[in-house]
Amino acid sequence: MARHRGRGIASVNYPVGMNLGGDPSQALVHSNPSGKFTVALSSIDLGQGMKSVTRQICAETLGVPVEDVYVDTADSDTGPHCMGSFASRGTHRVGNAVMAAAREARGVMMEAAAEELEVNATDLETDGRGNIHVKGAPHRSISTKDVAIAAQFKQGKTISGRGIFLVPLSDVDPETGEMSPATCYAHACLVAEVEVDDETGEVAMVRMDSAYELGRALNPRLVEQQLVGGAWMGVSHALYETPEPYYPDPGHGPRDFVEYLMPGPGDICPHDIAVLERPAPDGPFGAKGPGEMCANPVLPAIANAIFNAVGVRIDDLPITPEKVLRAIKAQGGARPQPRR
Amino acid sequence: MAKTALQFRHNGRDVAMFVDGGTNLLVALRELIGDMTPKFGCGQGGCGTCSVLIDGELHLSCLTLAETVAGRSVETLDGMKDGPDLHPLQRAFADNFAAQCGYCTPGMLMAAKALLDRNPQPSRAEVVEAISGNICRCTGYEPIINAVLSAASGGRARA
Amino acid sequence: MLELRKDIFADERDDNLKEIGKGTQRQDMLGHVTGTSPYFDDHKLQGMLHLKVVRSAHSHARLRRVDTSEAERSQGVRRVIRGSDVPRNLNTLLSLINFGKDDEPSLAVDKVRYKGEPIVAIVADSPREAHEAIAKVKIDYEPLPAVFDVEDALKPGAPVVNEVYPKNTFTYHETYDRQQLRFGDADRALASADHVLEQRYQMSPIEHAPTETNGSIAAPDTNGRYLVYTSTQALFFSVDTCAKILDVPSNTFHFIGGTVGGGFGGKVDTLTEPLCILGAMLTGRPVRYVFGREEEMQYGPPRGAERIYIKDGVMHDGRVVARKVRAYFDSGAYTRLSSYAAVKCAAHLPGPYTIPNVHGDVYCVFTNRTPATAMRGFGVTAMDFAIECQMDKLAHLVGMDPMEFRILNAYRDGDMKAHRREAKNTALIECVQVAAEKAKWPIRDEFKRMSSRKDGGGVRAAVTPTPRETHTPPTTPSQQRTTYDRAPAATREPPPSPPPPPRPAAPSHGATRFSSVFGTRRR
Amino acid sequence: MPVTVKTFTSTSDAAAALSSDRSARYLGGGTLVMRALNEGDISISTVVRASDQAMTRIDATGSRTILGAGVTFARILAERDLAFLHAPARSIGGPAVRNMGTVGGNLFAPVPYGDFTVAMLALDAMVSVQGGLGGREIPIDEFLQSRDRQTGALVLAISFAKPGSADAFRYRKVARIKPKGGAVITLATHLPMNGSRIVGARIALGSMAPTPIRARAAERALEGRSLDTSTINAAAAAAVEGTLPGDNALASAWYRREIVGVHLRRLLSGQE
């Protein structure tokens, strides 16, 4: 009996947004009379952090503290149209829509402030702490709250903005497949280390090291959530899960969480991540979208690590102990490859 | 249709209701007294998101016949806060970003509380064991384990 | 553990920002840790009824007779819903973007095409009473031969899964049984390559397994509207799908959602909302329709299986000179979103590498299994698995380090991609370099010095001539049209005289077509 | 029709209610019956409970250990005298399931559940059953063979002789998921020693047949021998003999046959 360690790598890219575009999202931003802003969306937060990241985008664009913004999602009466939360489009598409709406609202806010301070709006800047002041003269200042009150009760202005973001639809050439699928791409490379039991075919994760390039990391903690959770899902896809364990034979499908296999808290391994930020020219503050692609490099990296450990190639997902064991037996035992 | 009278303590308060035969505790909590913190995830005992404490012990409310808790004490996430103050576990989950979609969080917190109530200084392996009946599809478990460990150590630092 | 490598691409960023780039706490975290985040099922409505569906026991069968008379008399039953009760009992999700033909009923009428397909819906006072009524529905099936393998489904004489697509493949551009990608001359390059490697890859289906199952609650609201709490991932997609199926204006509905217990793609299909609302319409009461876990696992749509064949040509020095790919998406019995994934997959070829000759055929195939749908990494995950396993094998074949092999072949700014667009804003090389550094994986200095921003373009930007294929299908308008869409969406090339036959002036259901994929040629 | 719940103080009344009504099921910890009700199993319309204290009694003082059918796995884990059963008890579910699931219910749990019963089979347990017509003690082998016909009977307790030494009883659950996973296979061995010789070897396997079964050929390979490498290898080679594993979502029959000997060898030789 022996357990063998091996390392494997994979590198990938991933398109951001719906393929071919044509997937608009809208946002509305408005202030109440106290200078607190609401973002109205119909976009869905599935856990990926849509509400949180659009809140930061809105606050940055308006030049107000994040606490002064609240994002309200997914009411078809109040939230304007959004294509939906899929295809890694949330941060990029909805983020851009929110940015556009916040820019328009900021314009009104600055005009209202200018009227109060009796200066040109172009001479004003926000301090990000809830104040607007004359550039180079911080003492000539007014709070966003006072601006909102003045706009509402004195000037008769609505501090609000509308935003839409649309990547125009592209066509596909039926013969050559010529098309414009996406405007930007995220990238990743991941190294997986595994341990393979050559008598049972069991594969245990030892560690992962990765580098993900995601455009601007708008919120590193949210990025970390996606990458750690997404890599876990990648391990799960690689080694464990399927509703049809004997595909294409449809029998013996799992009915519960004991039969549907996903790694438990005792199956996880250390994962060291580096995040690179090459801003996307059309992303909100350069952001792309980490949500979907984070699992993808894990699957082949594990398959390649298994080859490195015992010399068998498993080209069928999921890579179950049975498939590994059959392959080891077929080649007459484990054949560890040069250690990497 | 015959209903059975049922009384128990819910997060320290007495509650009374009438239940249909066969009603599980999850339905009783959610539909009869409006405590929506325990969630339905499977009805099979496999996901743990309906977890509650019965007399301090971790139970799956979906597999508990409601009338068996008569006279007993049932704790849910709804009772975890102390007034407006978050429980240290709740704070630790937040500080460690240990929730994404949030649907497993109520069950995870109850499982973690069941552990820390008996074992205030658990090892990582004990934490892993304690949350092993709870499925999380978002986080990869690592931040949840770190959150429980940091709540146990009383610190707010990431473990 | 996460490290931000601010040193890389620093010249392309202005990091002088106040809120962006900070690890601010999630807006919804307090709700999550106190259990107060409102999911669709957390709404308690007075007099709520429960909807359950009768599912097919067979993978493929004709429905000879469906007898619900005993079920209708069962205790607690408020309403039994049949296919004939559904106003427009045929739909395809992407009809909202003018893509594909209506091919899926809400409730099966004459035939079932997968095991678990809904046939009858029961609305009852309690879940128990709904289950009791389900047991009383009598269905006379005539089992038909079923097909489960994507390549078997394409053989002559294979059982026809879905009569809308009699060849068991989705129809692209009204003509093609696949989405093609042609760039350069792959066959010629393969013939002159130092090594050729052809391999087969397979991914079984994958279930999203969100901890919250799919579901919705629909309730009659004031002024003839319906309030709908939903787990959908795409609010207006669901609104407009319901408007179409139920044949009412979309503003009949007030959908509330937005806080969802995990989706991963499995909550795009609007699985529960149409029947749930119909139940509310037919009973005048709030109705709840939530999937059980077994339903979610077996009859909720999975990430569809894929089978992929890759044939690569590589030179001794490690340059990949040709890649030929044939991929089959297993769509299950209906289209849902697999048709879209196949196009996205074709666009993804040949992966993040500059390969001068690429040939791709991607098929969306119908089989007698649960329809597939989107999932995290849709259209790409399995292809990345195949490509990256293949890259590892190629590196092994030519005796190169797999990291260096990838850097050598990586696409760079200015290169021409196989779908004939210039590569921009690339960063694969840097990712490989940093991953190598993190993993203490030695790579040679010359590979450490390479950059996504250097040495791209030039000859690498050329569009290599692509031979015309002899069996080229006739050139037809590339527009993908459906019967449903044909009338209102005549956006280009309006037919000259004679005038078109009379048609309804506007769709009576009020669903909006958001856009028209394949509708306009914009490059 | 809603479900009727009938609670009895006496086990004989509960047994009578159970045996007289085909739609009645006994509710132990709830992990089987409540799940069935939640999933719409309308064949159950009566739920029977018994509040008799004897149902939850643990008697671990004498040479024969008696576990009431209603004893939960958490209680076994809390019992120092039952240390030899901690491994099988801990292998059941997560903490909540162990607080709920019972020894009696586990006897009825189908593959991939029912791991504790594998341990009971290795320990040659007796199952104490109360039927409509009175009580009887049934050897566990016999009980499992006729399990499908036992649903109308009320299991009161399970009893077995405590292993002579801590080392005599060994248990291993092979699961894909850690720490809580369904069994690929489960192994339990009881190898009483007379001097250096094994006398009365019992090896039980879970997921190697529709119900837990004995690996009789492997038992024969051990009987009368000392536990050395060649004996262990002989037992491992014979482990698969007479088994009837099936395919399920966790593993195929082929895989189970391939690994049962490997894991038996590792278990007997004290390897991970």
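Read from first to last, the chains carry the letters A, B, C and D; within each, the first residue is number 1.
Methods note: a contact is a pair of C-beta atoms (placed from the backbone, for glycine too) under 8 Å apart; a residue touches a chain by one contact, two chains touch by 3 or more.
Keep in mind the model is a prediction, meaning the values are calculated, not measured.
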Maximum centroid distance from chain C, chain identifier (CA atoms): D
Rounded Å distance, chain B centre to chain C centre (Cα mean): 35
Chain B and chain D, separation of their C-alpha mean positions in angstrom: 29
Inter-centroid spacing, chain D versus chain A (mean Cα positions, whole Å): 46
Gap in Å, rounded to a whole number, between the CA centres of chain C and chain A: 18
Residue numbers of chain C (touch at least two other chains): 25-26, 28, 126, 128, 209, 259-264, 292-294
Residues of chain A touching at least two other chains: 46-47, 49, 221-222, 224, 228, 230, 233, 245, 253-258, 260, 262, 264-266, 271
For chain D, residues that touch 2 or more chains besides their own: 2-3, 37-39, 179-180
Chain contact graph, described as a line, ring, star, complete graph or other shape: complete
Footprint of chain D on chain A - complex, ascending: 1, 199-201, 240, 245-246, 251-255, 258-267, 320-322, 325
Chain C partner contacts - residues on chain B that touch it in the complex: 20, 22, 30-31, 34, 36-44, 46-47, 49, 76-78, 80-81, 86, 90-91, 93-94, 97, 99-106, 109, 135-138
Complex interface listing, chain B residues touching chain D: 1-2, 4, 20-22, 24, 43-45, 48, 51, 57-60, 62-65, 67-68, 111, 114-115, 128-134
Chain A to chain B touching residues, read off their complex: 46-49, 221-222, 224-225, 228-233, 255-258, 262, 264-266, 268, 271
Chain D to chain B touching residues, read off their complex: 2-5, 27, 29-31, 34-35, 37-39, 47, 49, 74, 93-97, 99-100, 179-180
